[in-house]
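Below you'll find the structures, each written out as structure tokens.
Each of the next two complexes has chain A plus one more chain, namely chain B in the first and chain C in the second.
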Partner chain A sequence: MIATIARQQIVSLLRQRTFVVLLATLIVMTALAGVLGWSSHHTIVGVYDEAVKLLASRGDPAPPNPFLLEPTLALLSNMAVYIPFIGALLALVLGHLSLVDDETNGIGRLIFSRRISRTHYMIGKIVGAAAVLVAVLLASLAVSTISLAIVNRTMPTGADLGRLAAFYALSWLYLMVFVLIGMVTVLITRRRSLALLSAMGAWLVITFAFPQITSGLRPTQSLNPIVDPVSTSQAFFRFTAKARPYSVVEQYKAASASILRTAGTESTTSILRQVAPLLGLSIVLAVVGIGLVDRHDFSRGSNDE
Partner chain B sequence: MGIDVMTETTQSQSPAIELDALCHSYGDTEVLRNIDLRIDHGEIFGFLGHNGAGKTTAVNILTTLIAPTAGTARVCGFDVATERHEVTSRIGYLPADVRMYPHLTARENVEFFAKLSGIAKPSAAVDETFEYLSCSDLADKRVGSFSTGMRQRVGIAQAIVHRPQVLFLDEPTSGLDPVGVRQLRETIIRLNADLGMTVFMNTHLLSEVAKVCTTIGVLDHGELIYKDTIAATTERFPDETSLEDIYVRMERSAP
Partner chain C sequence: MSESTARVKALAAHEYRAAVRSRILLILLGILVTTTAVSVYVAAVDHRSKVADYAAYRAAAQASGLARIAPSTLAPLSLLRGALEYLEIIGAVVAITLGYLTVSRERANRTLTLIRSRPVTAGELASGSLLGAVGVFTTLVAATTLVGVVCVGLIGNDWINAAQGCKLLLAAIAAIIYLSAFYCVGAIASANTRVAANGLMIALGIWLLVVLILPQLGDTLDADNQIPGGLFKALTLDRAGETEILKHFSTYENVRISIEEASFAKHYERFAFAMTEVQDKYRGFSLGRLLGEKRNDIGWMIFYSFALVAGLRWRFRRQPTIPQETT
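Presenting the complex of A and B:
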């Protein structure tokens, strides 16, 4: 039954225009990340070459090419910004579309007059959405790999590909949070428009408001590469500093930077510690979704909205 | 046509539908009050009542979508609240204003519901059902482009694809043109005659009830005020010329 629900879900989602448009947007943004990386690379190397010529004319030794000090995957650092913005919106719509027809078109009435358990139904929906998200991110991974190969004029190494795959696995986990938010809001609000608005509200809070409270309030945090907050006696800052680990977007960005090595290298344990809140939130939302479906009244039809 | 009604067992000697002191409330609002009703296998039962009388709530309970707040409801001898899987294996359901996944074809939709019903060869069952309903031409078109009448035909296909013993139809003629109404009527009669399906139909269309149903029940403000066969009803009200007149008289004389 879970496979039946998941299969229907995948076919239905892939045929929806809204979803296809968002998918295309994410792919374009992925390609754009490569272009921006190439542009940045080209500019820095150009400036370096000019500087080398100038230094050579003065008889001074040239410093090493700064770009060669950067990790290869740094060219894709913009992806860690696009995923929480465009990717999360895509994931919200994915979660929303997964349940909204069953809820507001009254298809749920037909489904639950069959011999399927509500838990299996919700698990099937989550599995279907998760599989679609995997396909989306695999497409994005392919575009990223091609971008890297073009910019670096060589295929990424196995280690680079491994780290890129790890970044996309992390992104999948991050986006699953938003898929589940999209689903839960449908179950709570029961209305097509209100559900999407509520999900967008959650996205705004998670992506913009919460990071502002937890770290953006500290001006010193804006000064790279200072990561740890300057100690302060103010109680509010102490409180917001404690809340920081729960800001999933902050954790996602930090873990992404570690995986792509655009920031200082961190241990695997440290990265896993950053991933833990994402995993925890996904599990909590999945359990909430299953609980909501279990108690949900699917007897209402399309005329009830 | 090789279509067969499903052969799952029923509880021995049990009626198709049996309600015993059935009650349902939404908060403080009582929607169904102490309904006692028995419908035998093979009947086509017309459930009549004004808007808000509680007809759809009764169908929602019988299709296991909601649980009764008091009393019991049994389908083929199985309790809808405690033996949900046994009940859902034996019923088909066509809600009012049926919708399905608009981006899937009629075949994909019906096959999906066939799989949810756990039947062994869903694809073959779908083909057989479309053929039986003479709507194979719709099979490979996306449901999103369908008219109300076309949706209704596919809706019936999903409701009978697993060969249920009892078919629930909630306002099945809603939104249909006269041709669609006639086709639906003929389909219901054929399903009953060919497959022996018991049909429980909520409707306002009294002219259709007179042509299709063998038995009627009248619900008024959540109470069952009348239940008898069409023939007995006509005999009981010899002064009235139509079922509509009889129904209006019942409604007016209801407490």
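Presenting the complex of A and C:
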């Protein structure tokens, strides 16, 4: 039964063109990250060359090239910004549409006129959305690999491919949190728009409010893959920093930087420690969703404004 | 007062009341207020220690009989940077939501037909709704500004003077215009679709592009933003050296600047940051000089605002008065 519902969910998303929009956006996003990485690298090397000439004309020594030790996967550091911003919003819409259409089109009433377990229904919905995410992220992984091969002029090594795969697995887990938030908000609100805006509110809190409170990160700082360290020596942060391990967006970015090796190297244990809150939140949201669907009234969903 | 003005005022009051009663709008406002308060508090606490350091230096210099004491380089208005950024990002979502609610409320309650059965033109309806929304934004921005100034004064021990107050007022007016423009985006997109919730998704897509993606592209491509602390600083280059080197990358810089110029949010940000002395290069400028420097951003903000208000009036004129099917 779970497989049938998941299959129906995937077919429904394909027919609504949601899959195509998701796929196109993520592929454009990945290609953009590659182009940006290439363009900035190319420009910086040019700036360095010009700086060496200028300093030599002044009789000053040339500073070391800041990009000499750049890791091979640094080209994709923008992806760790796009996933929490663009990817997470798309994931919210994916989770939202997975349930809201059953409510507004009356399919929910039809399904539950049969002898179907609501728990199986919800698990099927989650599995369907998760499978769609896996498909679009695999396409994104392929584009990333091609971008790396073109820009670095050599195929990524096995270790690089392993790290890239680990980064996309982490991104899948992060996006699943938002798919589940999109689903849960449909189950706890009465109107379609209210569900979408509540999910958006949750995204704003996770993406902007939490990092500000726990780490003093301003919103525009979160938009740049290179962030100057923020002073958090105040008493306020000594208190709020205790919640930093639960700030999933910061944990995601830290784990991504470790996996892609764009900010030093961390041990596998510390990366797993950063991933644990994401996994925990996903499990909690899935359990809450399964609990809520049992009590949800699918017969009242005609008003979608 | 003419009858038309009275009708517009009544519609504006209706819009304001409805906004204040909306639970989702209040939740989004709560998120905005909390994050803003935290950012200003944190900046003000940090500023307090810098003010104390400067006071200690000044006292020591006076005691030692130093003839020339360096003036303070601290800019209290720059502590409001976080508040301005939150208005730019979360405030725009609040504005889009308000625009969406303007359309969806009258549709869902089937009151649009009732309103239009009265002697109210579509233009008056658009003007009244916009005026009510401007009232909501003015309340929001005024409260944010007041809390910010009081925080800077009480916690940061640095009260702003009259000249800084004038600059802050202009930044606040820019914020109200910015939010009103996003209100128009939300209302136009919602009125343009059969199911208003789909219009909300489209408006949020526009928000994503204008507020997050375009400015992010511009920032990421900025040569100086490539490494922590700044590339030119790492290359031991001063401002003159930076200008000299960037002459070799004029095409790259033009493309980067054009991407940023396409974003209405970036124009608001540049103007507001200049007025609040966030960027060092504008510190100490007179108001006239600042307005001259920022004339391009002012022009773009006026252009986008007029275009969106015209779009709102046009869309409301074409909006059917008979309730649409909602499925």
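Following the convention adopted for this analysis, the second predicted complex is superposed on the first by the 255 of 305 C-alpha atoms of A that agree within 3 Å, B and C clash if a C-alpha of one lies under 4 Å from a C-alpha of the other, contacts with A are read in each partner's own complex, and residues count from 1 in each chain.
The criterion applied here is as follows: contacts are C-beta pairs under 8 Å (C-beta built on N, C-alpha and C of every residue); 3 or more make two chains touch, one makes a residue touch a chain.
Computed from a prediction, not measured in an experiment: that's the story for all the values here.
Asks: If you stack the two complexes on chain A, which partner ends up touching A:F167: first (chain B), second (chain C), both, or neither?
Replies: The answer is neither, since A:F167 touches no partner chain.
Asks: Figure out whether A:F112 sits in contact with chain B (first) or chain C (second), or with both, or with neither.
Replies: First partner only.
Asks: Does the superposition put A:S40 against chain B (first), chain C (second), both, or neither?
Replies: Touch status of A:S40: second partner only.
Asks: In the overlaid three-chain picture, which partner chain does A:D101 touch, first (chain B) or second (chain C), both, or neither?
Replies: first
Asks: Can you tell me whether chain B or chain C touches more residues on chain A?
Replies: On the superposition, C touches more of the residues of chain A.
Asks: I'd like to know which partner A:R15 touches here: chain B for first, chain C for second, both or neither.
Replies: first
Asks: Would you check which partner chain A:Y252 touches, where first means chain B only, second means chain C only, and both and neither mean what they say?
Replies: Neither chain B nor chain C is touched by A:Y252.
Asks: State whether A:F178 touches chain B only (first), chain C only (second), both chains, or neither.
Replies: Neither partner.
Asks: Counting contacts the way the document defines them, which residues of chain A are shared by the two interfaces, the one with chain B and the one with chain C?
Replies: Common to the two interfaces on chain A: residues 105, 302-303.
Asks: Any idea which chain B residues touch chain A in the complex?
Replies: Touching chain A from chain B are residues 60, 63-66, 84-85, 88-89, 91, 93, 95-104, 108, 112-113, 115-118, 158, 168.
Asks: If we count contacts the way the header does, which residues on chain A are in touch with chain B in the complex?
Replies: 1, 4, 8, 11-12, 15-16, 101, 105-107, 109-116, 297-299, 301-303
Asks: Which residues of chain A touch chain C once you look at their complex with the stated criterion?
Replies: Answer in residue numbers: 32, 36, 39-40, 43-44, 46-48, 50-51, 54-55, 60, 63, 66, 78, 81, 85-86, 89, 93, 104-105, 192-194, 196-198, 200-201, 204-205, 208-209, 212-213, 216, 218-220, 223-229, 231, 234, 236-237, 302-305.
Asks: Quick check: in the complex, which residue numbers of chain C touch chain A?
Replies: These residues of chain C touch chain A: 24, 27-28, 31, 34-35, 38-39, 41-42, 45-46, 81-82, 85-86, 88-90, 93, 97, 100, 104, 107-108, 195-197, 200-201, 204, 208, 212-213, 215-217, 219-221, 223, 225-229, 231, 234-237, 241, 244-245, 248-249, 252, 269, 326-327.
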